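These notes open a run of structures that come right after.
What follows is chain A paired twice: with chain B in the first complex and chain C in the second.
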Partner chain A sequence: MAAAGAEERQMLAQRLKAAVHYTVGCLCQEVEEDKDVQFSKQSIAAISEITFRQCEIFAKDLEMFARHAKRTTVTTEDVKLLARRSNSLTKLKYITQKSEELASSNMEQKEKKRKKSSAAKGARTPGEQEAAVTENEDSNTA
Partner chain B sequence: SQKKPREPQIPRSLINEIFRHFAKMPVTRDALQIVEKCSERYFKQLSNDLEVYTHHAGRTTVEAADLEVLMRRQGLVTDKMPLNVLIERFLPLEYRKLLIPVAMSGNKVIPCK
Partner chain C sequence: MPAASGRCGGSGRCPDRRARPPPRSSVPLSAQDTVDRLLRLHFRDGRTRVNADAQLLVAELLKVFVREAAARAARQAQAEDLKKVDTEHLEKALPQLLLDF
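Then we have the complex of A and B:
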């Protein structure tokens, strides 16, 4: 039972890594076109590995920040704290701006959803809603 | 004999002593001056961070939990290295007594909460 769980977990990690690798590849391609340089395959793989490991650190820190504020849900406030160390992210107000944008767009979406849900009366399952949310996040980060 | 008003800081001798203790090798005077400057900046950064962490928890008073978050963020406190172990390793006995709960006679626990 435990072995099966571990195997499944490994599969999941591999899938996540592959997804990160693909996205990093796309981003690198953009940079390549922008700066007129070439990334070797190894360097892209290294960047994706770094990104994956950094995500582990991010996740732990975010969890700690949320727990510190006696919450169990990570919010934009926690993410802002996470970005405090990086001067280019905080001093240029990049993160704050982004979170404000997100907040305003979220409000719009909520109103839309309210209209929809009042029309459909909760026809969507929670799982589908989650999928929709993650898709939105992807499009925001890309 | 007018003294310039200075910002409060840790005594120079104490900084030197601590740095020499950990460096375990000869340190030039210039290097020690740089260490002093660094510790000044360290405290500035520290107070900024603590302020943000305290506000984040919806408080206005800095508590031990904020400091633990800070030290976790600094990578000093990890899952394998709890805060209490660091306290035991680096603080003298009288401070340890204040920070780590110890059961005393008569069902007393120090520090009392």
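Then we have the complex of A and C:
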């Protein structure tokens, strides 16, 4: 019984790793164009492995933050706490959160006024454009 | 950003401790769903869920992480006057990256 559960979990993990790898590939491509470099396949694979493992750390931390606040649902406050180490990230998160709230309320508006919704507004959260800070020059490193 | 479609679907033979069982068919996961499942994979408690806004923020955080890792590795390669970024450049940038996150 436990073995089947573990196998299922592993298969899910595989799918997720593949999804992460795909997205990492896309993001690396943007950086490639931006900085005029080329990433070797191994380095892209390494970045996606690192990201996947970092997710585990994030997940456990988030769960603990939520539990510390006596909640079972992870909220944006927990995520902001997660990003505390980097100075610029904390500021960025604040802005991003504001846009999240706007985005959520926008989505509700759209549901009601479907006929008038234009393509320009889109479902893309403004937050995605905010976080285009590639090199955190002023991150907490000297 | 679309997620890759899974080749394998969970057989769902036995109920697992997560609130929702994984999908049975290889339906592609939406980006949001992917983040949610990624986190839930590692939660100790089956009851822990993630707020929708928090999911978006985590997705954003992960994207920043990836971009940062890529940019730092690229910078390392450029410092060595190379155009091809290899794992050794990533290795050099990794310690500081992990400390910063």
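We take it that the second predicted complex is superposed on the first by the 90 of 142 C-alpha atoms of A that agree within 3 Å, B and C clash if a C-alpha of one lies under 4 Å from a C-alpha of the other, contacts with A are read in each partner's own complex, and residues count from 1 in each chain.
One rule holds in what follows: a residue touches a chain if its C-beta (ideal position, glycine included) is under 8 Å from a C-beta of that chain, and two chains touch if they have at least 3 such contacts.
What you see is a predicted model, and the numbers here were worked out from it, not measured in a lab.
**Q** By the touch definition at the top of the document, which applies to A:T51: first (chain B), second (chain C), both, or neither?
**A** The answer is second: A:T51 touches chain C but not chain B.
**Q** Would you sort A:K35 into first (chain B), second (chain C), both or neither based on which partner it touches?
**A** A:K35: touches chain C, not chain B.
**Q** Identify the partner contact of A:R84: answer first if only chain B is touched, second if only chain C is, both if each is, neither if none is.
**A** In the superposition, A:R84 touches chain B alone.
**Q** May I ask you to decide whether A:T23 touches chain B, chain C, both, or neither, giving the answer as first, second, both or neither?
**A** A:T23 contacts chain C only, not chain B.
**Q** Taking the superposition on A as described, I'd like to know which of chain B and chain C A:A69 touches: first, second, both or neither.
**A** Touch status of A:A69: first partner only.
**Q** With both structures placed on chain A, which of the two partners, chain B or chain C, ends up touching more residues of chain A?
**A** Touched residues of chain A are more numerous for C.
**Q** Looking at A:L102, would you say it contacts chain B, chain C, both, or neither? Reply first, second, both or neither.
**A** neither
**Q** If you lay the two complexes on top of each other, which residues of chain A touch chain B in one and chain C in the other?
**A** Common to the two interfaces on chain A: residues 78, 85.
**Q** With touch defined as at the start, can you tell me which chain A residues reach chain C in the complex?
**A** Going through chain A, the ones touching chain C are 1, 4-5, 8-9, 11-16, 18-24, 26-28, 30-31, 35-40, 42-43, 46-47, 50-52, 54-56, 58-60, 62-63, 66-67, 72-76, 78-80, 82-83, 85-86, 89, 92-93, 96-97, 100-101, 103-104, 125, 127-128, 131, 133-136, 139-141.
**Q** So in the complex, which bits of chain A are touching chain B?
**A** Touch list, chain A to chain B: 61, 64-65, 68-70, 77-78, 81, 84-85.
**Q** Can you name the residues of chain B that touch chain A in the complex?
**A** Going by the criterion above, the answer is residues 49, 52-53, 56-58, 65-66, 69, 72-73.
**Q** Hey, which residues of chain C end up touching chain A in the complex?
**A** Residues in contact with chain A: 1-4, 6-14, 16, 22, 29, 31, 34, 37-45, 47-54, 56-58, 60-75, 77-78, 83-87, 89-90, 94, 96, 98-101.
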